[in-house]
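To keep things clear, I will list the structure first and then write my remarks on it.
Lettered A, B, C, D, E and F in written order, each chain numbered from 1.
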Amino acid sequence: MDSGNTAWVLTSAALVLFMTPGLAFFYAGMVRSKNVLGMLMQNIFAMGIISTIWAIVGFTLVFGDSGNSWIGNFDFFMLWNVTDLDGDIPGMALVAFQMMFAVITPALITGATADRLKFGSYALLIAIWSLLVYVPVAKWVWNGWILDMGALDFAGGTAIHINAGVAALAVVLVIGNRRGHGTEAMPPHNLPLTVLGTGILWFGWIGFNAGSALAANGIAAQAVVNTHLAAATGMLGWLIVERIKTGHATTLGAASGAVAGLVAITPCAGFVGGASPMIIGSIAGILCYLALGIKEKMNWDDSLDVIAVHLVGGIVGTLLLGFFADTSVNEDGFDGLFYGGGLELLKDQFVGALFVGMFSFVVTYAIAFGISRTIGLRVDADDERIGLDQTQHAESAYTP
Amino acid sequence: MDSGNTAWVLTSAALVLFMTPGLAFFYAGMVRSKNVLGMLMQNIFAMGIISTIWAIVGFTLVFGDSGNSWIGNFDFFMLWNVTDLDGDIPGMALVAFQMMFAVITPALITGATADRLKFGSYALLIAIWSLLVYVPVAKWVWNGWILDMGALDFAGGTAIHINAGVAALAVVLVIGNRRGHGTEAMPPHNLPLTVLGTGILWFGWIGFNAGSALAANGIAAQAVVNTHLAAATGMLGWLIVERIKTGHATTLGAASGAVAGLVAITPCAGFVGGASPMIIGSIAGILCYLALGIKEKMNWDDSLDVIAVHLVGGIVGTLLLGFFADTSVNEDGFDGLFYGGGLELLKDQFVGALFVGMFSFVVTYAIAFGISRTIGLRVDADDERIGLDQTQHAESAYTP
Amino acid sequence: MDSGNTAWVLTSAALVLFMTPGLAFFYAGMVRSKNVLGMLMQNIFAMGIISTIWAIVGFTLVFGDSGNSWIGNFDFFMLWNVTDLDGDIPGMALVAFQMMFAVITPALITGATADRLKFGSYALLIAIWSLLVYVPVAKWVWNGWILDMGALDFAGGTAIHINAGVAALAVVLVIGNRRGHGTEAMPPHNLPLTVLGTGILWFGWIGFNAGSALAANGIAAQAVVNTHLAAATGMLGWLIVERIKTGHATTLGAASGAVAGLVAITPCAGFVGGASPMIIGSIAGILCYLALGIKEKMNWDDSLDVIAVHLVGGIVGTLLLGFFADTSVNEDGFDGLFYGGGLELLKDQFVGALFVGMFSFVVTYAIAFGISRTIGLRVDADDERIGLDQTQHAESAYTP
Amino acid sequence: MKLITAVIKPFKLDEVKDALKSLGVTGITVEEVRGFGRQGGHTETYRGAEYQIDFVPKVSLRIVIDDDRADAVVDTIASSAATGKIGDGKIWVSEIDRVVRIRTGEEGHDAL
Amino acid sequence: MKLITAVIKPFKLDEVKDALKSLGVTGITVEEVRGFGRQGGHTETYRGAEYQIDFVPKVSLRIVIDDDRADAVVDTIASSAATGKIGDGKIWVSEIDRVVRIRTGEEGHDAL
Amino acid sequence: MKLITAVIKPFKLDEVKDALKSLGVTGITVEEVRGFGRQGGHTETYRGAEYQIDFVPKVSLRIVIDDDRADAVVDTIASSAATGKIGDGKIWVSEIDRVVRIRTGEEGHDAL
């Protein structure tokens, strides 16, 4: 066992753990003050329920060596026998690191469905989603047929961002728009909280991406640099377009652009080098900004822009990897179009992304629809007016 | 010297350092807006005064090799000769890591005594307490007779949580209840701050518990997983009881339950495996919730529930270790009742906890009583009405 | 390649990354509520623009092996060939770690110029400053003539704090005082944000200083202890003088004193041991407090005291190293006056600091003056009255 | 000259403001308030303890207006702020002796 | 119809509200305010600089009530808000021409 | 007895307070408000969407004062709050029937 690699993976697990509170604040700053706790709670609660599910059956269904490429077996049920995976790092380090990924993925959805989910139904939604959507997708991408096919996803562009982005859209289609959407102004109630969340996310994302090397080596170091540069250039790209289009570079724009860059570099982090992260980041910043218009056009109330940032950002990164992947950076990868690898990788990236997107959409829609038609997924009109904090949690965020 | 183990212990020290600001926010969100800075300051100030005391005499009195099991010698006075401890990790790494523990322990007390301590007297209280209570207890538990007796405390269930929890009770008994306690509503002024504090605590606790392995190995990885799962199930346990009893799952409940789980797993983190952390966490979440009633019944104004969360949580973890300890996880431990070790460990756990509790109570009461009768420990009625921010620190937390 | 050292440097890079959001909150809590986003944005934006510049030309101009001691060459332009630096740690780890330093240095200036910079002009200012001031100074101090001369700067007392502190003064002299300075009260709008920033800075500074060892070894561990103790004693020193002078120990004082101690220990962190960090920290806490009067006397509106904290703190640390440096702690250093090294080191420290200070002042003044006379550096009177949030970013920090 | 004060539900503010704008009202002063009334409050839960919160967030508007337009303003507020549900709020009208526009020193009708 | 305005110490709000409730008052509108008065302010310290803060946090209440009950309301507030210490605040009463309940359009006594 | 209400620009508060203090005014109650008026609002941008924000931050002052000093107070506020730019705000004056000092129960002139 290598203590340095173990130290890095454990550190990375802690960093990724911290991202879910970061995401909670990133989103909570943007909602209206009557829904702050509702948003924080949905995210924090994911840390409770998803971690538990992951330990009981999630991990084993992804990493249990079933011999097939669709779903794992029960070898590691309840985390039994995980020490069998001990090698360069302890098996438990892999459990810890992957558990944090499982937690944050469904939490991403809460940005799209802000201000209108019943808490109990939300809890059920993400629990089922984690098992029926996240677990199989994670298996395919990191330990199954999508990997075998030749598609690359260093830290979760497809498995996490495309997956959660599509799921967010599916749930929005089931629950509909917020009351007052399009007529009332719903400006962010506390942007410093959003900036705080951005800072925490950016910090944690270093562990998210570079921890995925599962070692403290040159690839991890490259991933740190790539991650940071994509965030930086994502911010610049977004702000430039924003300033041209609206006349102002906004704080929320800086935050959003950085996150867009981080999303896009996620699949690429350990496979690209040189100036590539800056190109990927700035393209993501620009395209994600432009993608903000989609929800307007479609009249989807994707309240805090999960589609524009995570779905579009995830697609951008996943596909650009088909151009920028470079085996001189990481010999376990493949060369992309610009590095002499032809169209092969791009095609595999596309197929993987498409399949995951379709699967996630159909299954998520079915789950959300099922809950909606039985116990109900959306709060009633009065509760929505009063806000989630009071009606779902019997609390006030701020008391004078 | 092993660079990987060193990296992990230094990282863990940083993580634990961050917990004290985290605790400051966890508590500060719950007080009324006129006492926010008072609460933040009490916690931040512990980082100043206790660190200094620790470097001068604290460390040496715990780790100086006196040959007896009651108190260390002065070999490392002023951190001289610490390089003598260099081994697998540098001696200074142990100093750093342990220093952060010494800081946060007295800071835990501030939750019980919220809104009514004179700042100067508080400073004196924790300085004396650190020397007369924390230092001997830390010596006994980690480097003295309680350890020798056979009691286990991986990261401080007895030395930190039971110790601070009992001390909190003793100080509350000396200073009495807040003015208006039981008649005025005193709801939390800013729950997002409490959630922020929870996120930081949870994040830092990874270092707190897994750093206690003093190495980046399988035990550390197990401790990361155990810590996270206990927090997760502590949250679930608390929320389920809360929802049954009050009809709502609250954000503050989620935060409190997670902390309860973290407290309970602290003594167990490197000694248990499999599903044990989930059982320990959920029992802690449930019992700590139920323990909230104690202060009501006794009319103790333990303002932010240090007794229910830290004292009860610490006892739960310390005793459950007597059942769940498993030498197949960590051969330096012992087997608990459920793993064929009989009642031996449980008995030792009980004796250690009881003795520390009694010692801490008596000495803390004496210190608080002494200060109270001389320079005074509590602000006067007018200052309490106006609030600590203005009267103790001549500041306002928020200015329009 | 050593995985433990790599893990520690990558962890440290992440910690330093987190410091810039920390600094953003440290400052943003102190401004008036109409300028919160302006302050946050200036800091966050530095993460975007400076990182990008650093990756393109900054790193290579500092670390490209030009053979001269004034400026690097273009070997690592666009981060090409960085793997040539692979050794004990990957070259990319050095890039990552140093990039975070490059980001935070110009961000320090924003405290002095609070509430009155045009955003676009600010962006230009720091971009040019980074190239014309930071890059050469970093080269001289860490890889050039100041190092060769025999001056020591472990983590940036001269290169970062003196440099940014002097630059802050130069920009203030160009732009002038805030409207209402000296007549209107401008109390901090949200001190909890400042405390949060302090917590993050303190946490991150562990990586800043101890990461500068570029290894997880005894020197890194010593640097962790030194850093923490200097912060602790800086707080105590500041609070004691403050309490004597004003009758109160304030929360902002605790935060400021801790930062003063952190600044002062920065150049010393890996070169001193024993009680030295406590002496250095407390002297810094006291002197930085006393230095608050300078701006009053000179009528400089150094709004959030960058001069008193960073410039004075940086000078204190840089010069005290001439007394306290100890080769028994780090054989790559020199002995200071108190450790038998005579006046040699003190003289070198003084020369390095003086030269960097003069260079930074002249060049920064020229840049700021140039921008001021062309596109303008300061917002107009109305925009200043309304605040940066609305006029520069078309946003509100808080919405009811 | 009349002073019209209205206490309404917060989410109705935009609608009321737009209605008043259409009516030609040129100035409104608004503040966040809390109201106790028939609507009743709600219960909050903190660590098992339940608190009765009697006050509900409301928004208060103040409008100074010429006597002859006062009734129209009251009616406009009443209709645009109504949801028909308890807690919609109140409007009250009182007499003003003097109004001054600070910028110009104009008084009375010209000050509005 | 009268409008009673009171400015009181914040921590007295619950007590005053309960006293008014017992008196049968069915509505109160409350806001956080800051008061300057004989009580004087306090000094705040920021990095060595001392600021005089003249304003003290207070709570303001507004109650619309029938003429014949106005005095009872004033007396109740005065007695329940008093601590006897400087800064207890003021109560003032003015005349109201018209009151409307938004929900129903009721006016005058029925609107309360 | 008169009640003087003024709505002013926030950054003018200190100046107005000092001017009133010099005039011998012994009490002021202040609150943060938002104003809609000729000054117009501003546009805010959130992720590409532009919102028109019609309300501008203002500060409102209330002063209860003897009849004979009311005009002096109005004039003092008007001159000290003026910048000459749009949005300086309004002052209005109304009649008060009764004033009570809570601490002592004093009424009328003595209550101030």
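Here, a residue touches a chain if its C-beta (ideal position, glycine included) is under 8 Å from a C-beta of that chain, and two chains touch if they have at least 3 such contacts.
No experiment lies behind these values; they were computed from the predicted model shown.
K.L.:
Which chains sit in contact with both members of the pair subunit B and subunit E?
P.N.:
Of all the chains present, those in contact with both subunit B and subunit E are C, D.
K.L.:
Any idea whether C-F or B-D has more C-beta pairs in contact?
P.N.:
B-D
K.L.:
Please work out the Cα centroid separation of subunit A and subunit F, and write it as a whole number of Å.
P.N.:
From the centre of subunit A to the centre of subunit F is 50 Å.
K.L.:
CA centre of subunit C versus CA centre of subunit D: separation in Å?
P.N.:
50
K.L.:
Starting from the mean Cα coordinates of subunit D and subunit E, work out the distance between those two points in Å.
P.N.:
17
K.L.:
Could you give the separation in Å between the centres of subunit A and subunit B, each centre being the mean of its C-alpha atoms?
P.N.:
About 33 Å, centre to centre.
K.L.:
Please list all residues of subunit B that touch 2 or more other chains.
P.N.:
2-5, 7-8, 11, 185, 187-188, 190, 196, 200, 216, 246, 248, 250, 252, 393-396, 400
K.L.:
What parts of subunit F, by residue number, touch at least two of the other chains?
P.N.:
Residues 31-32, 44-46, 53, 94-95 of subunit F each touch two or more of the other chains.
K.L.:
Okay, what are all the chain pairs that touch?
P.N.:
A-B, A-C, A-D, A-F, B-C, B-D, B-E, C-E, C-F, D-E, D-F, E-F
K.L.:
Mind pulling up the subunit A residues that touch subunit B in the complex?
P.N.:
Touch list, subunit A to subunit B: 1-8, 10-11, 13-14, 17-18, 20-22, 24-25, 28, 36-37, 40-41, 44-45, 47-49, 51-52, 55-56, 78-80, 83, 86, 89-93, 95-96, 99, 119-120, 190, 193, 196, 200, 216, 389, 392-400.
K.L.:
Taking the complex as given, what residues does subunit E use to touch subunit D?
P.N.:
Listed in rising order, the residues are 1, 3, 17, 26-31, 62, 64, 94-103, 105, 111.
K.L.:
Residues of subunit F touching subunit D in their complex?
P.N.:
2, 5-8, 31-38, 54-55, 58, 60, 74, 77-78, 81-95
K.L.:
Any idea which subunit F residues touch subunit A in the complex?
P.N.:
44-53
K.L.:
Inside the complex, what are the residues of subunit E that reach subunit B?
P.N.:
Per the stated touch rule, the residues are 11, 14, 42-46, 50, 53.
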